[in-house]
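Okay, here's the structure, questions in a sec.
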Amino acid sequence: MLSHAEAEIHLLENYLLIGALLFTIGLVGFLTRRNMIVMFLAAEMMLQGVSVSLVGWGRFHDDWGGQMLVIFILTVAACEAAIALALVQMLFHRGGNLDIALWQNLREGNQPRFVDREIPADDDPKPTFPKLTPAGIDPKTKEEDTIYRTHV
Amino acid sequence: MGIVLVDGIEVEVGDNERINGIEAAERAGIDVPHYCWHPGLSVVASCRMCLVEQGTKDPATGKITMLPKVVPACQTPAKDGTVFVTNSDKVAQCRAQVEEALLIDHPIDCPICDKAGECRLQDYHFAHGQDERRADIRPFHSKKREMGETVSLFVDRCVMCTRCVRFTREITGTSELLVINRGSHEEIDVFPGFPLDNKMSGNVVDLCPVGALGDKDFMYSQRVWFMKSHDGICTGCSTGCNISTEENQDRVYRLRPRENMAVNKWWMCDEGRYGYHHVHAEDRLVGPRRKDASGKHAIVEWNTVTAEIKTKLKAAGPLAAVLSPHLTLEEAYLLIKFIRGIDPNAVLALGPVPTIGADETFPNGFTIHAEKSPNRRGIEMLLSHFGGKTLSFEDLTAEIDRGAVRAAWVSGGYKKSDWVSEATAAKFAKLDLLVVQDMFVSPLWNVATYQLPGGSFAERDGSYVNFNGRLQSAKWAIRPPVGAWVEGQLYQRLLERPGLFQGRKVLTELAQEIPAFHLAIGEVPSTGLDLTINQIAQQPTTAATV
Amino acid sequence: MQLLQALRVLGIEPLTALACVCFALGLWLLLPSTTARGKAFGLIFTTISLGLFATNLHLLSDWVSDAVFYVMASVTLVSAVGAVTMRSPVYCAIWFALTLLGTAGLFFFQGAQFLGVATVVVYAGAILVTMLFVLMLCNPEGHSLYDRVSWEAGISAGTGALLVFLLTWTTATTVFVDNTAFTDKTPAKDSKEPAPIVLTATAEQQNKNILAPRHVEKLGGELFSKYLIGVETAGTLLLVALVGAVAIIAHGKHAEAQAAAVRTSDGMTSGLNEEGRRNA
Amino acid sequence: MLAISIEALVKIALLMGGLMTGAAYFVLLERWIAAWVQDRKGPNRVGIPLTKIKLFGLGQPLADGLKFIFKEEATPGHVDKILFTLAPISILSAALAIFAVIPFGSVLPASFSEMIPGLDHQVELLVAPGIDIGMIYIFALSSIAVYGVILGGWASNNKYSLLGGLRSSAQLIAYELPMGLAIVGVVLTAGSLRLEDVIGLQASTGTWNAFAQPIGFLVFVVAAFAEAARLPFDLPEAEQELIGGYHTEYAGMRLIVYLIAEFLHMITASFLIVILFLGGWHFWGITGSENANITWFEAIARIVVLNIKIFGVIVFFMMIRWSWPRVRFDQLMSLAWKVMLPLGIVNLVAVATIVEYQKSLEGKLGGPWGVTAAMWGVSLLAWIAAGVLAPLHSDNSAQKDSFVLSAEARNRGVRPGVTTSI
Amino acid sequence: MQATDPNVKWIEEPKLGLAGKMYIPAVIGGLATTTKHLFSKKMTVSFPEERPEIGNPLIYRGVHRLNKDDQGRVKCVACFLCATACPAHCIDIIAAPSPWPDRDKYCESFAIDELRCIFCGMCEEACPVDAIELTSLFDLTGRSREEMIFDKEKLLSVYDMTKDAEPMKSKSLGGAP
């Protein structure tokens, strides 16, 4: 049976380790992934890592500050989500997909353009879906008919 | 050249033409209703349905003077300056009144009348009759009277046009029918003891504009609006009458003559008219059979037959083919191609041509020929073109008896089974391989190695050459019974040609290859092609080199 | 052996170092753009590294707590790895949702009930669902070619491992002092050793304050008294973000047509473009 | 420890059994009410098998359940198999877990605890009595339930399912806000996030929150309908538009899991409406208000009253289904953001004012009744304002002018009748 | 029709008052309607135990029957008009000269494929002798397709079965006997 102090210290150290790992995994994800939404997820994961540490410290010190900070982190994350998703949506509309490599001209000047050296093999088996043969030929419609529908 | 005005439309009439108002209106595209008038019969103007207004146009002043009364168009000659008016109120009123008069005594039993659907009285009543009937509708009492073996008379329905009477007097010359009584008691009848039994009696049913004369063969069997009509050629004799084959759901219900002024005019004989029953006979053969080692015949698949018969024929040695005079030109052509393709020296022979009695000619010139096959002349023309060793059927039999031929293909298609005798069949039985195609069991059929059921005339698609060299095409009307293949389709398959057999396509090929048929390269008109005209003069240069 | 000795001198557990190496290797192999076999190896390495890290963890007061904690921690970390390595962004989001649930569990375990639930409500309930919404709007088939390629996976994983190593090392070398029993045992200020971290809260204090049964009441009181300015600022921030998001979207819609024109004329396409194909 | 565990397990078993049976029989009730409203008789055949006893069709839920169980578990070839299976599980588990903090009665008398050895406290009819954050917990789990819908829709790989999932996510997020605002009003008055505290307050004052906060009640009921995806807000599975919405591709057990979860959502919504606004187990004169010295009669009366109220609310849910037409999706969103959210804020401000300045307000307005009257006045004014501003009311009929196009406009490819402005 | 066609009548939407915009009438009206129907008389019946009442058997279109005349002979004259009118082609008739002196033609065989029939009543309309009629029997079942092809005997037996409850329509409608 551990004493209260030992238990608290052990708990803190465990939480710090988990926080560190969570933060790092998030960092690696942010650095490597190219899908804007996944990058955003990774950033949130780093915030989670920090939150875990903060809560641990708050309990260790019997202080509400840690939890308060986490609450503020939540708030900031919500704001971040709003802005980031709006940006992502807009970038998607402009660029056509969610690839961050599309926006290389946002980097500072004199950087070499990044080009993929190899195209990954498409090792996912393409599912074959049953397809119905189209029945007959589409009737040609007059422009008048398309504009003024005779019925709804 | 004269000009006739019909409803303001100018119609040209030749100098030597003698036409009446109905024909002149027809040239102008106007239909004048009529019951009693028929182009092949004399004019009596008894029905009064064709009443029109008539007048004359003065060629000098151009002034038109109309007669105050209406006249029957059928007996008004159309000559230069004649004016007909068929669309005036007066004419319409006359027609309505005539129609009403005809209907006063006519039973309204259209539901059970076989004529309903093609009845002039119905049609004209809808077109020209009054909306309301002023006379009472009385209960209908059937007065049915047998005219003879083939025709019944429903006395009530008669409108006394006397077409039938005139037909027996003018066309057949037998004069069985007459009008008895006078006035409103007029009826059609026969002399007691002299029934309507001439060989063209069925035509009176077609002539009758209403349902008074009924065909016993067709009676009550089908309503006319269910049937589909297909242009055909009668195969009863070598006359080659033009007919309409009327069928519903692959069953022939009746044959009717089709107008062809060059061959049969409007008529056909009873033998041809009622000679279709073998198509649906109970004993008609279906299912190809093969003789096995024990001498018994077992049913095989058509595909098996077509797959193995060629190799077997090749292996069998000297070949002979018997071309039935019931085959169409196209089928005979394909069979020759097939046989000569296997053995270039194959013997070809014309099958037996059944002949019964002597030719019978009616006063108006219509002839029933003794030669009871439709295409003897066509087959002979083909044989003379292909040449090689061609024999008559008897000579071929002798040849087989001598052992010079080891295998034979015999096409039948006869309506009866007595076309070959037991003795002949016994000679054929000596062959290594005998293929017989027929519709009914015959002595030859029983000795065949391969028994192949064939098609009837209603199922064939192709052309025949009649007794005086007229090529006429018939369309298939019904599908063959399950298990039987029409010859053309079988030869098509044996020659490994793709697709279904199409008579028109093969005829074009045939006509391009054989100079005698070169006229058929283009369209074959519905009235046929006379192959004897200018055959040498118009021979195409390309055909000469072939 | 010498290396091990040297590591020991520095206060580094060799197992931790190994764990970091395995961690880097595993992440590198697991990230997209590798083959299926690479993924299997990555899975093995990551498992090993997480297991090795687990040796660094300390046992807690009783076995129930241990079990709960280990389950929570493993759920959090495994799903975190899944969230950054899955190909399909939808799966990434699902794994991240699991990470959030794990974190919420960890918060609960720490007695931060409100935070645990708030994390689920805000993150899982709002942010992630919105993200899925956007994802399904933008990329309804789920996966695309650029999700198969990672930027500089090896370097990033190495950096991450280094970071973990440094953090772990720092934690391991930090001295914790229990000061609840002996209040006078403050360390000397001029000592060469790093300043120890002092635990001053007793169990009774914690139960009254941060682990109180009426937890929310306490938290609310603290939030709206001591941290009131922070709350107000956060509120303002939220408003600003709201307005900003609306402005961006509205502007984006206006500029859509122009952007399409720009897209075609500028030749601005994905990195997986014709150029890349030629170079490959 | 053991006694507590057994107590919790017994409660869970009771709750689960009750909920599952309840959901099954509410399906029957739903069909009955549907039939009766449409002048039909409804299911009345299935009784005891192999006999002629029909029991008014009370065997129907059993037969339905058996049918679903024995149906083929068809998985279409084009779906994402993992998520396709995970989605219904997640939605059902979230829907069930919500009931951990929802009281299904009040407390049992102390005499009960004395009868059971090892039980040292009064038994609360609530699975997890110690949770301090009950209401946020409910929020959290109901937001987890969104995953079941959105993932099921996406995994089905079917356009109707995806549309259903998308609609559902947008709808649930949008309606969480007014719902939260309405709840905050209740929380403010109760001063606690625990549901049992909310009931306790209403029981002790004798005033139900629906009476004290009418506008909050309205907002909450509307939001609860939307959260439970019931008509007139069942856009996620609108049959006429989306075939079956997010569960178009589902069959057999997975489908019934979805259907049960849907009914559980409705039951949850009914519980919340009753507990937060309709006094929970309280009824004047028969249930008492004290927990400590509760009698057996009162304890049972409380359970009965609670269940009757819930039954009534569920019947209301089912009646509404056949009374009002489904709204369009833009109307749904407008309702959430333009009507319900402002109304919720009005309610929150009014309640906050009352809670903060209770004493002085009572002095000025003539006692507690004056305050309530003022609250009703504010509510009515807010509603009238919503009616006058009418953000939902828009003329969507075809306009003649918009069909008359100039030749130039037609050349540009403008289609008449379609507004191009944003 | 184009929108600019002068024959198109453009209608203004009714304007909602304040109460309408506050949704009060619609909400209450909807609930009132459903509540009223909740307690109103039910239109459906529990079928095998209770049988629905057919309002007017004369215009009900159920199973066919072949009527008999006063001598017990089939009334049908095999005119094929029902088969002609039938849009589903479910009537098959074989005609023959009748064995009775007062009639020329009768149906030797008369079959209706009740599975193919769409119960439109055109055969009844077409029949010139009121021989085929549609009864108000509606619960038509069978165990095989063959069983559902009603031949002449079956159709005549339907007449025997229903003649008391439903006399021939021509008489009851005041038409010719």
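Labels A, B, C, D and E are assigned to the chains in the order they are written; within every chain, residues are numbered from 1.
Note that in this section a residue touches a chain if its C-beta (ideal position, glycine included) is under 8 Å from a C-beta of that chain, and two chains touch if they have at least 3 such contacts.
Only a predicted model underlies this, so the values are computations on that prediction, with no experimental measurement involved.
Which chain is most remote from chain B in terms of Cα centres?
Chain C.
Counting C-beta pairs in contact, does D-E beat A-C or the other way around?
The greater number of contacts lies at A-C.
For chain A and chain C, what's the span in angstrom between their mean Cα positions?
Roughly 13 Å separates the two chain centres.
Distance from the CA centroid of chain A to that of chain E, rounded to the nearest Å?
Here the centre of chain E sits 65 Å away from the centre of chain A.
Report, in whole Å, the distance between the mean C-alpha point of chain B and the mean C-alpha point of chain D.
84
Counting in whole Å, what is the centre-to-centre distance of chain B and chain C, each centre being its mean C-alpha position?
Going by mean C-alpha positions, chain B sits 96 Å from chain C.
Using the touch definition from the top, which residues of chain D touch two or more other chains?
Expected reply: 403, 416.
Going by the contact rule already set, what residues in chain A reach two or more other chains?
Answer for chain A, listing residues that touch two or more other chains: 148.
For chain C, which residues are shared contacts with two or more other chains?
Touching at least two other chains: 114, 118, 126, 130, 137, 253.
Can you tell me which positions in chain C touch chain A when the two form their complex?
Residues 23, 27, 31-33, 35-36, 53, 56-62, 69, 73, 76-77, 80-81, 83-85, 89, 92-93, 96, 99-100, 103, 106-107, 110-112, 114-115, 118-119, 122-123, 126-127, 130-131, 134-135, 137-139, 143-153, 156-157, 159-161, 163-164, 167-168, 171, 176, 178, 180-181, 199-203, 205-206, 209-211, 218-219, 222-223, 226-227, 230, 234, 237-238, 240-242, 244-246, 248-249, 251-253, 255-256, 259-260, 262-263, 268-273, 275-277, 279-280 of chain C touch chain A in their complex.
Which residues, counting only chain A, touch chain C once they are in their complex?
It is residues 1-18, 20-29, 31-35, 37-38, 40-42, 44-45, 48, 51-52, 55-56, 58-64, 67-68, 70-72, 74-83, 85-90, 92-99, 101-102, 104-105, 114-121, 123-124 of chain A that touch chain C.
Can you name the residues of chain D that touch chain E in the complex?
Where chain D meets chain E, its residues are 33, 36-41, 44, 319-320, 322-324, 383-384, 386-388, 390, 393, 395, 397-398, 400, 403-404, 416-417.
For chain B, which residues are in contact with chain E within the complex?
Within the complex, chain B touches chain E at residues 109, 111-112, 142, 144, 219-221, 223, 225-226.
What part of chain D is in contact with chain C in the complex they form?
80, 83, 86, 130-133, 136-137, 139-144, 146-147, 150-151, 154, 162, 165-166, 169-170, 172-173, 176, 192-193, 422
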